[in-house]
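Listed after this line are the structures, all set down as structure tokens.
Here come two complexes built around chain A, the first alongside chain B, the second alongside chain C.
For the complex of A and B:
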């Protein structure tokens, strides 16, 4: 049972008090712990390949996934573990894939940033997959499936030219495409103001993509904004954007964070996770965390083996 | 049977395949209302409408990227690059997406898409309208690169490319577009991709060529036969990747001599690869080093110097003589 089903089930039992917040927290917490664990495994020399963790950005993935149906398509990027987990709940398949194991979700052939599952695609070339998402959305439209495609990009990706070719094509041909910009302020080690001229929002609006903005420190606020953006694409059948001002609390990849401790401290204050945790009943929160730890431990054990 | 040129034959294949499978769509710059700069897509827009014959913005990367997404989602796009010289902007998708989905998903998910592009010189144009870069595309693992040499095989191979489960780069030698006509069968034909054709049997020397060079190879072989009675076996490669090594080796083992004639620059080109394969498997059958003919390792010159740059009948004839007289 994935977390969306759990929300629905809990809701149907009539115990609605705080159930949504709990399930949202469960989604975020599991991603957070997976990402922390991956960095630990790398540091211990027990993991190879690469990883780009979404520490601090987990709520964006969970919020958007909540509003999607199974028929909808999600297209992600190098920082994709959260999007995948929020979408599928397939912790073991993901971990095995990152570890390069045959039982991974791509048989250990893709690795961390090249995930490919039904209705879920990622690639490591920044922005290169945005036209693919556009093409998928157009194909869904031609088929009359009613599905929409959500593509996650970062603000660093806004430097890539084909992104704008895609906005143009998506708007011209009315592709049901949602572009979610997780603006964490950095393109690897280059701060966004050093790499981007003009206004981020106007870049989308210039092509006729209505664009929502959300500050991103409150998980439920992100959830509401994501709902509005998904709803807009679904209702109009046309592309739209959502910019989430978010924060990358970990390194770009591994051990490559050049930001100062003060800056990181400021970013940690924006982290939606502790805020959401504080709003929960402590006992229920601990139960959720314990369950996530058990799942993670089980997945680690199940995927242990020669790397 | 009808006599037609290569433009008409390719157009016929597009009509037939669009009629056969409604998932086939055609997209590119000026392919719809304008019917394509070379008229290859004539009549498609009128017959199949704007939903399936799509005029795109001027955006090669966006065109191919969108086509890849459509292919992953179940459509069969045939994307046109107006000239092969414009295609470099879309290379990232060819390299980064087209064949990798098959690999990552153990074949569950592929990218069934055709990228058509007129290529090659001989039309008194300029550099981005004249080059032959088949080696560049063929170097990408999993990408098929097909080059027809005449109307009949163009129609049969484009049909195969559209029905193929993977991405095919279909390079159309534009100097052959309207250069000659030949009989094309009434019924749709599908020729296997990756299979070369022996277009003339012979016993003294194997001549391998493809695209527009094939006609020159035939002429040079005819001249050599008339002048010195030599019997040349001519192979039309038709597919650069996958490459039909077997047909080449069978022929070289029989003749003991080989010349490869390509329009592309020689350095690291298909001829080099063919020679490596002959050396691997048929070295001891050779009576002479394998000869090769191609263009120079510089940017394609403007039309005034085109004759000095591109290989022609004379250069193929010289290579035949050198290989025979070794």
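For the complex of A and C:
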């Protein structure tokens, strides 16, 4: 049962007080713990290859996923674990893929940044997924499925020309496409101001994509903005954008963080997770955390394959 | 009744649009009354207005948009106006389109055809005349087809569109105005004619029962190879077999190997530049499989490693000509070291 279903189920039992916040917290917490665990496994030499964790950005994935239906399509990038988990809850399949196991999503051929599952696709080439997502959205429209396509990109990826060709085509041909820019202010080691001229928002609006913007890091605020953006695409059948000012709390990849401890401290203050945690009943919060830890431990045990 | 190659291709596209609702044509300037830079889609946007889309000048995105359509159950046929422009889309081809099926462990297919004209001899100059198939043949997961007037182009293109995997369909520009050349009862003009029965067959033209050289070629060079075969027979009493491939990747060299075992000599003729060309791969494979059958070194005919000039006399000096093929065949027939 994914967290959307839990919210629905719990809601229908009449106990609505805080249930939404709890489930949102559960979604974020599970992703956080998976990402932390992956970095630990790497540090311990128990994973090979590479990974990009979404520490600090989890709420974006959970918020958007909440508003999508099973028929909707999600297209993501190198930093995709959160998007996948929020969408599917499939911890074991993801972990198996990252660990290179036969039972991974792609039998270990894809690894951390090349995932595929029904209605879910990621790839490791910055920007290259945006025209794909546009084509997928056009296909859904032609088939009359009513599904929309959400593509997640980072702010650094706005440096790629093909992104703008895609915005143009998406607008011209009315693709039901939501472009979510997770603007964490960095691209690998390059701060966004060193790579981006002009206005991020205007880059989308110039092509006729109405563009929402979330400046704060309150999880529920992100949730509301995501709802508005998804709703806009669904109602109009046309592309729209959502820029979320977010923060990457971990390294770009495994150990490559060129930012100062002071800057990281400031970023940690923006982390939505502790704030959401503080709003919950402590006992219920601990129960959620314990359940996530159990699930993670079970998935780790189940995927303990040759490394 | 003889059909021009352009009409055969147009008819194949029309048939695909009729038969399969999920077929879509995308590309620059496809819509009527223009009907594409080489007029191959003429009439189709009038008949299928929702499924023939003139696009912005955005090759990179067009490859990706087409792939996205294909991943979600459509059957797009993308026209790239000049083969030279595929470079804009190679990221999509190499890192997306050709990868998905295997990278995603068979969870998806990408039924996409990219049609594009290649080749020179029209004076279009350095950026509108190239044969760039060598950039495509080494990409795992990609099928590369290059038809000629000797192949049933209607059937060939329809097969590509029916395929559930990505196919590059290369059309030499000079084909468009030529008539289809199809053999009958084992003969085509003065030649013994044979065509394999695979989806993408190799056509063989043999000047006689016993020949002394095998020439393998494809696309626009097939026309020159046939002329060379006629000249060699008449002027030099040298009989050759011409093998015209239609699929360059993955390539099936079975008919060529059988031919080389008969003739003992190999010439590869391609219009693209020599270094790193498709011919190098073919020669490597043939010598590995049939080394003991070869009387002498295999020979290659290709464009010089140079920019293709616009002026016709300069262009002629860069692109391979009929004489280059006849010279190579005479040397190969003699089995000399050159």
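Heads up, the rule we're going with is that the second predicted complex is superposed on the first by the 306 of 307 C-alpha atoms of A that agree within 3 Å, B and C clash if a C-alpha of one lies under 4 Å from a C-alpha of the other, contacts with A are read in each partner's own complex, and residues count from 1 in each chain.
In the analysis below, contacts are C-beta pairs under 8 Å (C-beta built on N, C-alpha and C of every residue); 3 or more make two chains touch, one makes a residue touch a chain.
As the structure is a computational prediction, the values presented were derived from the model and not from experiment.
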Please determine, from the superposition on chain A, whether chain B and chain C clash or fit. clash
Is A:165 in contact with chain B, with chain C, with both, or with neither (first, second, both, neither)? both
Could you tell me if A:18 is touching chain B, chain C, both of them or neither one (first, second, both, neither)? neither
Have a look at where A:185 lands relative to chain B and chain C in the superposition and call it first, second, both or neither. neither
Go through the superposed model and pick first if A:135 touches only chain B, second if only chain C, both, or neither. both
Quick one: classify A:49 as touching chain B (first), chain C (second), both or neither. neither
Which chain A residues come up in both lists, the one for chain B and the one for chain C? 73, 106-107, 109-110, 114, 116, 121, 123, 125, 128-140, 142-143, 161-162, 165-166, 168-169, 172-173
For the chain C and chain A complex, residues of the former touching the latter: 24, 53, 55-56, 58, 60-74, 76, 91-92, 95-96, 100, 102-105, 107-108
In the complex of these two chains, what residues of chain A are touching chain B? 73, 106-107, 109-110, 114, 116, 121, 123, 125, 128-140, 142-143, 161-162, 165-166, 168-169, 172-173
Residue positions on chain A within touch of chain C in the complex are 73, 105-107, 109-110, 114, 116-117, 121, 123-125, 128-140, 142-143, 161-162, 165-166, 168-169, 172-173
Per the contact definition, I'd like the list of chain B residues that touch chain A in the complex. 51, 54, 56-57, 59, 61-62, 64-75, 77, 92-93, 96-97, 100-101, 103-106, 109
